[in-house]
Amino acid sequence: MNIKSTLTSSVALLGLSAGAAFAEAHATTLTIATVNNGDMIRMQGLTDDFSEQHPDIQLEWVTLEENVLRQNVTTDISTGGGQYDVITIGTYEVPIWAQNEWLVSLSDGMSEDWNESDLLPAIADGLSLDGELYAAPFYGESSMVMYRTDLMEEAGLEMPDAPTWEFIREAAAAMTDRENDINGICLRGKAGWGENAAFLTAMANSFGARWFDEDWNAQFDTDAWSDTLTFYLDMMEESGPASAANNGFNENLTLFQQGKCGMWIDATVAASFVTNPDDSDVADQVGFALAPDNGLGKRGNWLWAWSLAIPSSSNDVDAAKTFISWATGQGYTELVAENEGWANVPPGTRTSLYENEEYLSAAPFAQMTLDSINSADPNDPAVDPVPYTGVQFVAIPEFQGIGTQVGQEFSAALAGQQTAEEALANAQRLTTDEMEAAGY
Amino acid sequence: MATQHSRSAARWMIAPAVFVLLVWMLVGQGIVRILVIAPFFVMPTVSALVWKNMFFNVDNGLFSYAAVAMGMQPYDFLSQSSLLSIIVIVAWQWLPFSTLILLTAVQSLDSDQLEAAEMDGAPPLSRFRYIILPHLARAITVVILIQTIFLLSIFAEIFVTTSGSFGTRTLTYLVYERVLNSQNIGLGSAGGIIAVILANIVAIFLMRVVGKNLDT
Amino acid sequence: MARAVSTRKKLMWTGLAWFFGLLIFFPILWTFLTSFKSEGVAIADPPVWFAFDWTLENYRAVQERSNYPLALTNSIVIALGSTFLGILIAVPAAWAMAFVPGKRTKDVLLWMLSTKMLPAVGVLYPLVLLAKWLGIMDSRILLVVVLMLINLPIIVWMLYTYFKEIPGEILEAARMDGANLKNEIIYVLTPMAIPGIASTILLNIILAWNEAFWTILLTTVSAAPLTKFIASYSSPEGLFYAKLSAASMMAIAPILILGWFSQKQLVRGLTFGAVK
């Protein structure tokens, strides 16, 4: 280890790296940032099909977990970095980023057979601003009740297609058998705007609660919110798992697949996991129902679409549009069906898919997914009028921060560290402060 | 701030015991040493995920199985003892760091001195107290200083395990939330500056207490 | 280690050391076992220890999906590059602070270290804009420089403490014998400081290897190291422990092997080193 050799080798290394960076700056390459969920992984696996059709466009994939992806993409787009040509974002970001003029409109320039009018209206609405579409939905999801048919039968109950919260709570209590490690209901409890805050916001909609009134005043001090949170906490106390306050989607999925949950209300995409006999102990004992309601005309389900969009800083908008047309068009659905079977096509984006007999027979949860999606309205999510769009979120830039902090309060209440009243009072206070600071 | 102190405190109380063992091992010491160093190589997100889901989880973590097997009630570490849980994760990750530094220091110890003490019949504990410990003063100082300050900025462990619930938000975590979640760069930067000032205060305080060990 | 130790004592210590070693290693062992399970078995209740169908499926899936060789190369280049660059700068700095201390040397040292406390995210946007302006986003050289700067305080600190161990009399003696500064550094200082430098290098390589904030946010494809490779396997919607375990083992293995070899070097450096 003498100094000279150290010097030489480091200089060599630097030279090497600089050279590599330079060499890769050419060729028509699209860099695509996407989430590491199953449907996207499948899309990555089908890259060859796209390359055959478009040999002049090369695809580079950056597949990341949701949170890391969001950090990456947000950093890039807000600095105009131009690192990505196609990004995967959700229903929450699209209207905000479109407003900031960070996204390219997809209302023209898409390939001819990419049929915009075929998109599910509820989904397309959430991805539009002033009538222009800014992102193409790759797959859409809502939430619904998944339940164990065998346990339900044992409890002597029958799940209606459209249950009420009261029924869910009764059924949960009846199914719970803690001696045998069976919890009547598993729900999200982990703090986060996309975790428990999303679930509780959707649930609150069906209880007649809302985040803000029309003048952007926080509404956590209302009876409706108090009812929502108290109901949730009581039900989880009676019938929830011990780890509830730390459980997100994946933790609950694990519990359900191990047979430790009687019911689980979560994303429709979970249906294909819990019915997969390779991973799930309970695959042939799962039934589905619409998310519960409280007789107020709104159900407690949400609406989300992972969508492909083009940052304004992209170097090759035309090629990016070509790619998005391929990935979100009807041709892609058929391609997946051919290679992986109809049950594996990305759900929840196109009307035509739900008119396809082959799909309907291959995916027993298809109709329930469609009904759930159609029953959510991002522009009119709550019983009372609201000034925002979004079912389980509020489409303003401040929401990620506020939602996460409110989620932390709810999580602490679920862990028994504060009462529902304290949690709501804290939520009210911090939301009011943040909104004031943000100038609403 | 108390959090971080206890965190590093926990760590450097474990570390000496472990590395002393390491040094006096004669058989297979290379392998054991690599076993002890290995946690350092695991990325923070991964180790936090492993600890959260495979160990701490009250419904299907290994600790729960162990508790049930011994006839005890499973304990929900993450929401009931959140700080302790995060301390355990971070201590596990950073144990190798202190071990490595202290190992380097202990290797330079004059073994004649130790042998002489042993000949004179000094029990192991006194040999440790009066010969080894003074020799390590500087190394221990460095471990405390570097780690205290280094670990003030942990993020992934908190994010993955509790997402800042149950009073586990540190100053750094707050700054991350502000910048990455709320996109409030101004507020986040201000938090960052406060963090630096605080770090300086902590560092000055630490220097007062342990700094004299740095002079020869 | 030529001390006479009774066999029983030796056995006891060895046993105890193995116990602690395995205890500390256990989470990694569990990850290792999980990497050979199917996703369903990985969440089995009660947990399965060894009696399952060992499968390489996860490793195959990871291999298929990601460009592991590129990520590995990037990790190696970034870790080694930033370490060597850091050592180049830190050795003179630490040398000056240890042997020619000024009135404010300790304050400067402390101040350097305190910059570590700045939450990295606070300088995220300025740094990204700077990198964009220089046109070096997603390049190895950017990460080499950034990680070097981030770890520099630690390198300087560690070297400083090791240099302080070197008795000043030896340097004076060398000077008396007419050694100039260059010879002093090469023939007197360096040999004595090798153990310290070696362990500093090792630690710094590990720190750079695991750095998971800048390496993820400043790269896209061509400079993306193993940290970003890992991030594509954690927490998707659906089961992932087995695949994440496999990806983690692939990320840990190279540096574990490096650590295995270098710790032997390290020990040799320590045994033959002149520091007493």
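To keep things simple, chains are lettered A, B and C as they appear, and every chain counts its residues starting from 1.
We take it that contacts are C-beta pairs under 8 Å (C-beta built on N, C-alpha and C of every residue); 3 or more make two chains touch, one makes a residue touch a chain.
Fair warning: this is a prediction, and the values are worked out from it, not measured in the lab.
The chain pair A-B and the chain pair A-C differ in C-beta contact count, and the higher one is A-C.
The greatest centre-to-centre gap from subunit C, using C-alpha centroids, is found for A. Centre-to-centre, using mean CA coordinates, subunit B is 16 Å away from subunit C. Centres computed as Cα averages put subunit A at a distance of 36 Å from subunit C.
Of all residues in subunit A, those that touch two or more other chains are 67, 71, 78, 254, 258, 260. In subunit B, 53, 60, 180 are the positions where the chain touches two or more neighbouring chains simultaneously. The set of subunit C residues that touch two or more partner chains comprises 43, 45, 124-125, 231, 234-235. Here subunit B touches subunit A in the complex through residues 52-53, 57-60, 74, 76, 78-80, 159, 161-167, 169, 177-178, 180-184, going by the rule given at the top. Within the complex formed with subunit B, the subunit C residues making contact are 1-3, 5, 10, 13-14, 16-18, 20-22, 24-25, 27-28, 30-31, 34, 43, 45-47, 106, 110-111, 113-125, 154, 157-158, 161-162, 164-165, 195-196, 199, 202-203, 206, 209-210, 212-213, 227, 230-231, 234-235, 241, 244, 248, 251-252, 255-256, 259-260, 263-264, 266-267, 270-271, 273, 275-276.
Per the touch definition, subunit C reaches subunit A in the complex via residues 38-40, 43-45, 64-66, 77, 80-81, 84-85, 87-88, 124-125, 128-129, 132, 136-141, 144, 186, 190, 194, 197-198, 216-217, 220-224, 228, 231-240. The touching residues of subunit A, when paired with subunit B in their complex, are 67, 71, 74, 78, 181, 190-193, 195, 241-243, 245-246, 251, 254-255, 258, 260, 397-398, 400-402, 404-405, 407-408, 411-412, 415, 417, 434. Residues 18, 21-22, 24-47, 49-51, 53-55, 60, 62, 65, 92, 95, 97, 100-101, 104, 107-108, 110-111, 114-115, 118, 138-139, 142, 145-146, 149-150, 152-153, 155-156, 171-172, 175-176, 179-180, 185, 188-189, 191-193, 195-196, 198-200, 203-204, 207, 211, 214, 216 of subunit B are the ones that touch subunit C when the two sit in their complex.
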